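Heads up, the next two complexes both have chain A, just with different partners, chain B and then chain C.
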Partner chain A sequence: MANRYILQITLLLSFSTVSLSVSYNLLQLQQRNSSLACQELLKKLKGKPEYCHDDSMDFKFPEEIKQPQQFRKEKAALVIQEMLQNILDIVRRSFSNTVWDETIVKNLLLELHQQIDSLKTLLKEKLEEKGITWEDSKTIPRLKGYYWRIRRHLKAKHSSICAWTVVQVELFRNFSFVNRLTDCFQD
Partner chain B sequence: MLLSHQAPALGLLSLCLMVYVSLALNTSHNTPESAAEKCNFKMTFRKYRLILSWELKNRSVVPTYYTFGYTIMSKREGMKTVENCTNITRSFCDLTDVWQDMPETYIPMVKGFRGETLLVLCLAAITNLDLSFQPPDFRIVGYADHINVSVQFPPVAPKIYGEELHRHASLIIEEHSEDIDKRHEPKISGSFSGNFSYVINNLIPNTNYCVSVYFEPRNSRIVIKPPLKCVLLQLPQESGSSKSIKIIVFIVIFISVAISIILILKQIGYVCLHTEFPKALIFRNFVVQIFPERPLSEEVNMLEVISVHRKKKVWDYNYDDESDTEDEAPLRTNARGYTMHGLTGRLLSQFRPSSASSQASHPEDPADEESEEPDKETEPLFQPLAAQGPSPGQREGPRERAEGLPHNRSPKDDDSNSTGGSGDKITFNVDLNSVFLRALHDDAEDSEEAALVLPPQEEDPQETESSLLVPHGKKLQVLFPSLPPGCLWTGGDLSDKSDTTSSGADDDVRDGYIMR
Partner chain C sequence: MAQLKVKVQARKAATQIKGSCLFMDLEKSRGATSREILNRNRDKCLHKAVSSQSSKWRSQDRNTDTISSKTSLGGLSPQEQAPLENSDGLLCPHSGVGKAGSSTGPVRQSLIKAERLPVVRTIPELSTGFGPGARFHSVKVWIPSHSPHPGRRPCVQPAVTAHLVLPPRRIPSATLLEPESRTLDSAPRSTKRSQPAKDRKWLGRGRGFLSYAPRRRSLLGPTALVLVAGASWPSPAASDEKSLKPPQKVEVSIIDDDFTLKWNGSQESIRNVTFSADYITSEMDNWIKLPGCQHITGSKCNFSSLDINFYENITLRIRAEEEKHTSLWYHTDTFIPFEKAHLGPPEVRLEAEDKAIIIYFFRPGRKDDTSIWDMDTTSFSFSLIFWENSAHTEQQIETDHYMDKIYNLSPETTYCLKAKARLPLQNRSGVYSPVYCINTTVEHKPPAPENIEVGTQNQSYVLKWDYEDRNVTFRAQWLYAFSKLIPGDNLDKWKQISNCENVRTTYCVFPQNIFLKGTYFLRVQASDGNNTSFWSKEKKVNTEMYYTIFPPDISMKSTSDSLRVFVTAPKEPWNRFHPFIYEIIFWENTSNTERKIIAKEMDIAIPNLQPLRLYCVKARWHLLEDERNKTSAFSAAVCEQTKPGTFSTMWIVIGILPLLVIVICVMKILQRCLNYVFFPALKLPCSIDENFSEHSFGNLLLSTSEEQTEKCFIIENTQSVIIAEQTNEIDEDCKKYDPQTSQDSGNYSYEGETLESQISEELLQQKVLSPGMIS
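This part shows the complex of A and B:
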């Protein structure tokens, strides 16, 4: 009985692999463009980093994400999703502080939402298929701690201009790491 | 009362003081900003090196030397100096091996001095978005339908921010023509190192194409395109020698094919080739035929022909017949049934020999050669030759000009010499078809001269000879029904006094012999 369907199963898996490969490649291209757009938006903000170096801080970004060559596609997608979600949360907080230009912030939020939705769709199919959950990864908790430290810094500095400038620089740096993670999508 | 009058003054004074203080504070606070605005920084990947250059906005300020330092925004570290960029007069610094982390935001600081005086302080925040890539050097070579683009990379793969170049930029080749613009992104395996060549195919000949090669960064949108390099694609012109070689090869092939076809047809039997050329294609005497030579002036030789009675035996198929005499000259027949009679003649005067070829080429004019006009004072004597060797060229009746001595001889004397031959005698073969004989008679009535033209001998000599000579009165007349009348020579030029020894009147034809 199983022998009858071996051929069909084999074909299904191969086609699904091909389709998923195409999706990862498309996602890589989309993510790179989106990351570049987000960095350009962050660059337009008023903050002058050269004047706020005294307020700079090492938030201890997870080292394994800086050089993600050993990540699988699914893990890289998970990490990217977590990063984008936290960046979205931090950017939303700037509305209440009227530090950053609202137009730039809205455009930034729009880019973030689009990328998060694409990742969610892909990850939902992949994780259900392979049975991978985000709890299995140790990187995610470390990433959560990183973004907690950023929020704490804002709170401690009373959301000053230089505090937000330092956050601005840190988020800019985040998107460079996202681009490195998207390289894992390549076969 | 006095205070009330001074209150406005005091108020005004305090206001001025506040404004002055605030202005002073603002000035001191804005010093870093003003310092940053005094320089324009430019981050460039030029000739595969990471170069940070600066330019003072106020050109009137010209420092004598600069000092460069930097810090990283995400690290709580002080300013770092660069050894190669301390106390420099140039306005740029090579940071290829200094800045190794692309995601970071670098804060460069440039101090301009004149002597010990700080003239200018420049600060900036440099990110990967500020990086521009200078286009590489490239060459193009145009062919008939394609262009070869070559780029020279360093032997060692260049690095930027500590990583290989291909991770930060892609090589782009743009193709421009009148109507079409194409973009090529060649896949480079590994890094940009060594010589790199790319071929743009499927181009239209006799069209002008322009090419540009540049880097497209992955982490910024700043693209610097070089000036276009253009080439006109032309079809290669074949040199004259190559054309001639092609023509020769084609001709050789054509001839070989034709020869092979002819040989095949010959083998099959469709074509039969003659081994002998027809007379018209014999060009041995072509020139002579086209431009016949003037006949040489002939010397007339007086020929004394001695006629000798000789029985001519006709073989009657009787092997027992032994009536032949030894004196009789054996008949020599050729394949065509000719009977060769050798005649001995003596040269009566010197003559200039003519070529045998001219004789052979004029077989139809026997009279010109054989009819020697004798001297008026002498009479030709005919003497049939004795056994002579085979005459040369028995095909068409070869002839030799007779030579004889200009004196009269008796037949007897000639008879004695007929067989042996002497040094004074020259034997020659006479084409009977070309001999004109005239029987001379003493009788005055014999003014009419009979002309004898001996026809070619038939295979049946008996029958032939019987028709040769027909007595016609006292004259000899030969019937040649096949010959046109023009061939008969009347012999009018001969002297009437020439006589023949019993040759003309008393010829008998009997028993197969001809007797004269």
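This part shows the complex of A and C:
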């Protein structure tokens, strides 16, 4: 009777919403795990020498990313991808410095690369299917300006231990912002 | 007598002078420092301004020659006599009595009130101090600068000074030396773009009547000594009259690291017009000169050496310059260099093997870390079009890596390609590079191994490949996958797998713990002692794939005709792979037929089931990656019984009982109503009942005839009066009184006269008591 059809219809409707969001749900799981792993690895890197206090700086992380409640899922994914790419870019330059343990750095790079790869696949799929209108906002340039300032700090301090320590702290914070962005994948 | 005509004009015709005082000193000095003279003049200025003794200065006198230093004025042409009235007053920087200074000649001053320029002043006669042959005559024109502070008075500074040497009488010419010009640059700068050519500029550059071409001779008659500049007015003045226009159609073009500023200089190139530009970013407070764009003569300049944050807003401004004149600034729109930049073509380097081509990409832009694209190095992807030179069928290849290989080619063939760089995250695409072609080599011996596969066995990886010859040794190497995102040759980053060095078998086994969790590339090479083969096709290996996948957990919810199955997501480390599917197999407990469902969602309903049956479900994962499907084991079977029947029959059953009850109640109520209406239980009192026993009640109810009605009162007791209407013959009826209550009886038997009054009284009483008819 009517009751049976209603059940079918509601199930059908729930399918369509579920199937769209399941990849984001999974991505959320993946990303959370990855961020956790990365933070653990960052912690393992050589600790902060005490004489580096004065070097703490404000690199002006874009404010709108700190509070990403308004972000659509695609924008959150794009921003996370950009952040991970830039973090990878900074970390790979640390090979020249002797401060950090190479094995841990490689581990970190592997972890970052894995997550970037899976995000890449998802983004390609999502952006193709939706024909997304690319972000006009200046979030991405501001974000990149932030990483540029970190890079410049490293250059200015000639990649000293203190400079890399500051960067380590900064990258650790980055992952907490990534976690906030990951929450956007929640329905 | 010589005359000196001074014309003071602005670059633009008829400019308003801010402040209304303009004055001119004409003096002859012999060695006195101009500063002292200035002081003196300034003092005078102050004195005059403050005292506002205009009367002294109004002079019609054309004949004044000498001017005492106190009383000023002279040589005012009639039409331009001007009392010095400056409502603002004038504040002279060095007030107070100036030094007397060394000997100077007499000073002739003119104070002009002028509001508009040009101003022409003819000094009709030169005093004896001024005369032919005199050496230094300085003409100074002063103008108050525009005070930036509304409350304060403007300062007066000498704007322009020129030194004249008047020729001896016989030689009617004058030489104009290089003017010493001072500008009012020290005046506070106005930041308004729209302000017309500033006072300081037009005067400061020695314009107007003063030419800055040194030692210009002009042939002028002694009588009307139009100033030297007068003669030479046409040439510089003509062009000077047209003020310098700022450049037009300014554009910024950024391709990779090449930053170009282009404009349309509207001036003709005959003139010595140069252009200079400044820049300012959102982090800076002041404009800074743009390197590489200072004093450019052409119409474009290159400022690639700028070292700024490419992700911040920047604004440029440019102006035209000509010796000492400049145009206004033209400001470009604020832009972010990173956003404005265009991707150029990538650089491509090819290496040929016999059956493959190695392609090395270099991202657009400078190779070092000052490039605008440096921070995006790992985000680049390359899109190339590849074809065999003779065939012209094109193949499009996309790659994320800086080193890529195209396999399965023929030896000794020419292949060509062109590539473009892309930044997919920003939806940016560059231009195609030029076409590169290369020939593959002759077939190489020994051939490369093929069909690499990776499997697991116990706690080890097993690397297998195909090879035809026997007498070769192999070695295998590995590389971190992320290395491919970094440009440059990765030759030095491939590492040897120790268990796979010089093996003779077409497989090798190595422990799993060599590799940390991540993605790697593996390759194998054969060697027959003398020659080595080319490397095999690289195999991408994700070590996580080779960990055991645990089967999913299932939970179910049942309805009467369907089951909802909930499958849990893969646990660590598999949860990073979203391209996986579930396979669910379910069967009815009693039967053997199994049905399979493959789904992507974690939440599935199996419809069309029979109610009240036991169904069992088991599930497993399929991981889809590359060619290899990785499958988990099946989970344990979970059984659930479907609910009985359909909801609707139950509802009917449930619904009927109360319905029946309701119906019964309703029936009962109806019945009661009917009974009440048609068969009332009420009984009439006995008396009436007796009375009306002959006449059924039916008559009462149904009779419609209206007979004469008389009211009849039956008194039951003194306290109540019953009024009954009676349609029948009443007489006999009404005569039946209740013997107990009637008071009539017995009273009517007396008919005595004496009693008539009593009777009548009683009758009256009766009437009162029961006002009825007594027959």
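FYI, the second predicted complex is superposed on the first by the 160 of 187 C-alpha atoms of A that agree within 3 Å, B and C clash if a C-alpha of one lies under 4 Å from a C-alpha of the other, contacts with A are read in each partner's own complex, and residues count from 1 in each chain.
As a convention for this text, a contact is a pair of C-beta atoms (placed from the backbone, for glycine too) under 8 Å apart; a residue touches a chain by one contact, two chains touch by 3 or more.
Please read all numbers here as calculations on a predicted model, not as lab measurements.
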Simultaneous placement of chain C and chain B on chain A, clash or fit: fit
First (chain B), second (chain C), both or neither touched by A:144: second
First, second, both or neither for A:160, with chain B first and chain C second: neither
Of chain C and chain B, partner touching more chain A residues: C
First (chain B), second (chain C), both or neither touched by A:97: neither
Touching partner for A:78 - first (chain B), second (chain C), both, neither: second
First, second, both or neither for A:27, with chain B first and chain C second: second
After superposition on chain A, the shortest CA separation from chain B to chain C (Å): 13
Chain B - residues contacting chain A, complex: 32-33, 36, 71, 73-76, 102-105, 107, 123-125, 127-129, 218-221
Chain A residues touching chain B - in the complex, by the definition given at the top: 32, 36, 39-40, 43, 48-51, 53, 56-59, 166, 169-170, 172-173, 176-177, 179
Interfacial residue positions of chain C with respect to chain A in the complex: 309-312, 336, 338-339, 369, 375-379, 400, 424-427, 480-482, 485-486, 516-519, 542, 544, 559, 561-562, 564, 569, 572-573, 575-579, 600-603, 605, 607, 646-648
Interface residues, chain A side, partner chain C - complex: 1, 3-4, 7-8, 11, 14-15, 18-19, 22-23, 25-27, 29-30, 33-34, 78, 81-82, 85-86, 88-89, 92, 106-107, 109-115, 117-118, 120-124, 134, 138, 140-142, 144-145, 147-149, 151-152, 155
